[in-house]
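Heads up, the next two complexes both have chain A, just with different partners, chain B and then chain C.
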Partner chain A sequence: MSDLLTVRNLSVHAGEETLVRGLDLDLARGGSLGIVGESGSGKSLTCRSVLGILPPGLTTGPGTSIRFDGAELTGLDPLEWLPYRADRIGAVFQDPGSYLNPSIPVGRQLAEVLRVRGGLGRRAARERAAELLADVGLPGRVAGQYAHELSGGMQQRVMIAIAVCREPDLLIADEATTALDVTVQAEVLDLLADLRERTGLALVLVSHDLAVVAQVCDEVLVLRDGEVLERGTPAEVLRNPRHEYTRTLVDAHARFGIERFRSHV
Partner chain B sequence: MSEPSGPELLSVRDLAVSLGRGRARREILHGIDLDVRPGEIVGLVGETGSGKTTLARTVLGLNGIDRGSVRVAGTDVGGLRGRALRGFRMGGSVQYVFQDPLQSLDPDLTLGRSVGEVLEVRGIPDIEDRVAGAFRQVSLDPALAARRPSEVSGGQRQRAAIARAMIAGPRLLLCDEPVSALDAAHRISVLELLIRLRDEQELGMVFVSHDLGSVAGITDRLAVLHRGRIVEDGPTAEVVAEPRHPYTRLLLGSAPTLDGAGLDRASRAALRAELERL
Partner chain C sequence: MLRSLLRHRLGAGCLAVLALVVLLAVFGPLLAPYDPLAQDGTALLQAPSAAHLLGTDNLGRDVLSRLLAGSTLSLLAALEAVAVGLVIGVVPGLLSVYLGRPFEWVTLRIMDAFVTLPFLVFAVAMTALLGNGLTQAMLAVGILISPAFYRVTRAAAFPVASAPYVEAARLSGAPALFVLRRHVWPKVAPAVAVSTASLLGASLVIVSSLTFLGIGIRPPAPTWGGMLATNLEYLFARPTGPLVPALLIIVTVGACNGLADALRDVTGAPSLLSSARKGLARV
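Moving on to the complex of A and B:
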């Protein structure tokens, strides 16, 4: 498998302060990478660096390289970055409600993206939008509904439909299931797995919960204070955590999770 | 785990509660039974809208009751009115710990003032010493009493919120998602603290959470709330080993775990279909 995304020596700075330090990551075409860490660990800044949407005042360091499908993304101006961000790398975040326009039915918002970015005509865009909403498991009526009429899980499905509508090579899901109920989280994780199987989409899944990424991803990075503490397959990281912090994450589950009541653990 | 003993601290029988006014009035809880004994931690688990918070608020005497009864340490909360109800709320036998202490602690007050406030109101002397004692009880440096909520870490804030609850001398603690906003290290230490307080004080605890996966281990018993009804209630080990209700099976099978022992997609879809038919 060829590499789709190669990040080398990523650093993110806010003035004098370094928020992410020397981060490397590789993601193969169709692969899945989980990034685990707590608030302030640098996991969201890593995602935002790849998307070229760092908050104002934050910059990547001079030694940073972000290669996507052979092209270097660092140093691109916003207009040059747009085709990557809008077409080839999709993203979903924690709070879908705040990304959807409250005064436009969600189906029209999706069709709008297909028209503007995909060049489809009105009717074709509407039909494709209906197909995409069905693909993410939403009933047909949802196209005509407004964001506030939908549950958090349904809103996130709409966001996923928008994120994948241009058939990107990579989807970045940054705490995309954190705000959802556990049973709904499982459905959305299933949907992401399903999309990967169907379309060969590569996935970067970011979560504060080690169990979520271990369940979905082929490789896991553990981040703290802007640095990678540990990396490996979920089995390696869980069975043989090398860093104290990773042991704490595993310990939290072993002592206070359902695992405690299952004899075979 | 200490052995629960004695008569119930909390005894809820056939409780029905409605919220809202006029046409918007809806019954939220439809006949709840729930018991908590001294020294027992009961996990109250359910999703958004299941009625968890309504149930907790009703135990505090904050909601009216349509039917049934709520008894806390022998007091019939549903029968209290006016001065008696205010006396119950002030008396401190039930205390509440919220998810986000940044919202529940007054941002303008020092932690010491917030923790000591209930003593001030009751006119109890030696507040400073008692506050320092409450800080030590939750393993918090009494020097932090001079800080404001925004000046300490999330874990320290939640300890202060627990100290504020404990200083009132509760017998029953209602904890509403008390560790959901904390990182792993703080989560472990706050859970350890709650277990220690339970052991030392024979406290009864209701531990409200949507996330069974990360807190089941602190509970002795689990009560699963689904659409305003308790659909499962039993010792945690038994519920985890042999869940009877399809919702409990779905909940357990959906929780992310490190052992990967959750249900597969097809089994979860089958359970969802079964729930739709109920």
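Moving on to the complex of A and C:
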């Protein structure tokens, strides 16, 4: 399998300060990669670098290389970024509600993307939007509803439908399930796994929760303070964590997770 | 929006009053019983009678005919001022949150400079520079009310422009105009509508004050403010003279302000009444 995304020596700087240091990652076409770490470990900055949307004031270092499907993404100007960001790489974030316009029904917002980026006509866009919403497991009535009428899980499904509507090669889910309660979280993760299987989408899943990532991903990166501490399959990382920090993460799960509670009952 | 406005008692009332005034302004000259400029030396300063429903002025001109003709001029002038203010206030206001720092800084400074100019003096200066005419005077007034529009637009557009859904639309390649029209404008429009209504009232007052002082108008042409002035000069001969033009001004301006209030109630947009009052205070 050819590599879809290759990141070499990614560093992110805020003036003098270095926030991400020498990060490498590879993702095969259709593969899935999980990135785990605590707040401020550089997970989101990594995603944002790949999308070319670092917050103002932050820059990638001179040695950084981000190759997507054979093309170098670093150093592109905003216009050149567009086909990647808008069409070939989809993204969903935490807090889906704030990414939806509160005064436009969600179905129309999805259709809007299809019209502006996909060049579909009004009618075709509406029909395709209905299909896409059905694909992410939403009932037909949702298209006419407003964001505030939907639950967080449903909002995130709408966001996923929007993110995949241009049939991207890569979907980045940055803490996409963090704000959702556990059952909904599981449903959204299932949906992501299912989409991957159906469409051959590659997935980067970012979470602070090792268990979430382990469920879905083939490979896991553990980040701390902008550096990769550990990488491997979820089984490797979970069974014999090489690094002290990873061990604490896994232990925390063993100590406070539901498995322990169950084994006691 | 119009439907809920009609259900609002104050809003419906004010709309009706304004509609009546507009009808007067449009069809008034046709209804006028006399030529508003025709002088009748035999009937000076007459009290209301069957021949002259509202009496005559110092040159024997029919007051009703002059009022009807004056409505057109006064309303057109106020509308022109507001239109000028809308264009040079709202457009940069919208763009200032969108085009980035340098543009924002420049427009903010220009608007700040406008705010420092006193209405009447600026209008007098403009008419002195560009020639004495209502259009020139209204251009001046339009320029001076534009900061109100600019600030209202900015205040309403600012939180929307930085909302994640707007940023996301922009980053995923929606054209700037599309984003402004689709996502930003609907949030800004109610606030702009409210300020349009209340600034319309404010500009009517300004128009009246200017024409009262004889700025922006050549003497024979009738306006509400100008009639107020000539009537005031002959207050002792005809004490009721200023009553009708003054009432017309008060009622129309009141209806504009009431409409602004109603619009605010209906749309939930922030009020500009306070800043309109400031505008009045400066006049």
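Here is the rule we use: the second predicted complex is superposed on the first by the 260 of 265 C-alpha atoms of A that agree within 3 Å, B and C clash if a C-alpha of one lies under 4 Å from a C-alpha of the other, contacts with A are read in each partner's own complex, and residues count from 1 in each chain.
One rule holds for everything that comes next: a residue touches a chain if its C-beta (ideal position, glycine included) is under 8 Å from a C-beta of that chain, and two chains touch if they have at least 3 such contacts.
Small disclaimer: the values here were computed from a predicted structure and weren't measured.
Enquirer: If chain A is used to align the two complexes, do chain B and chain C fit next to each other or clash?
Expert: Fit - chain B and chain C, as placed by superposing on chain A, sit side by side.
Enquirer: After the superposition on A, what does A:Ile53 contact: first (chain B), second (chain C), both or neither?
Expert: So A:Ile53 only meets chain C here.
Enquirer: Taking the superposition on A as described, I'd like to know which of chain B and chain C A:Asp181 touches: first, second, both or neither.
Expert: In the superposed model, A:Asp181 contacts chain B only, not chain C.
Enquirer: Figure out whether A:Gln215 sits in contact with chain B (first) or chain C (second), or with both, or with neither.
Expert: first
Enquirer: Should A:Ser39 be classified as contacting the first partner (chain B), the second (chain C), both, or neither?
Expert: A:Ser39 contacts chain B only, not chain C.
Enquirer: When the two structures are laid over each other on chain A, which of chain B and chain C touches more residues of chain A?
Expert: B
Enquirer: Could you give the angle made at the Cα centre of chain A by the lines to the Cα centres of chain B and chain C, to the nearest 10°?
Expert: Apex at chain A; the opening toward chain B and chain C is 90 degrees.
Enquirer: Of the two partner chains, chain B (first) and chain C (second), which one does A:Asp251 touch, if any: first, second, both, or neither?
Expert: After superposition on chain A, A:Asp251 lies in contact with chain B alone.
Enquirer: After lining up the shared chain so the two structures overlap, which partner does A:Leu238 touch, if you call chain B first and chain C second: first, second, both or neither?
Expert: So A:Leu238 only meets chain B here.
Enquirer: Between chain B and chain C, what is the shortest CA distance in the superposition, whole Å?
Expert: 22
Enquirer: Please name which positions on chain A make contact with chain B in the complex.
Expert: By the definition above, chain A touches chain B via 38-39, 152, 181-187, 190, 193, 208-212, 214-215, 238, 245, 248-262, 264-265.
Enquirer: Along chain C, where are the residues that touch chain A in the complex?
Expert: Residues 163-165, 168, 171-175, 178, 182-183, 186-187 of chain C touch chain A in their complex.
Enquirer: In their shared complex, at which residues does chain B touch chain A?
Expert: 47-48, 183-185, 187-188, 191, 210-218, 236-237, 240-241, 250-262, 265, 268, 272
Enquirer: Would you mind writing out the residues of chain A in touch with chain C in their complex?
Expert: Within the complex, chain A touches chain C at residues 51, 53, 82, 85-86, 93, 95, 98-101, 103-104, 112-113, 116-117.
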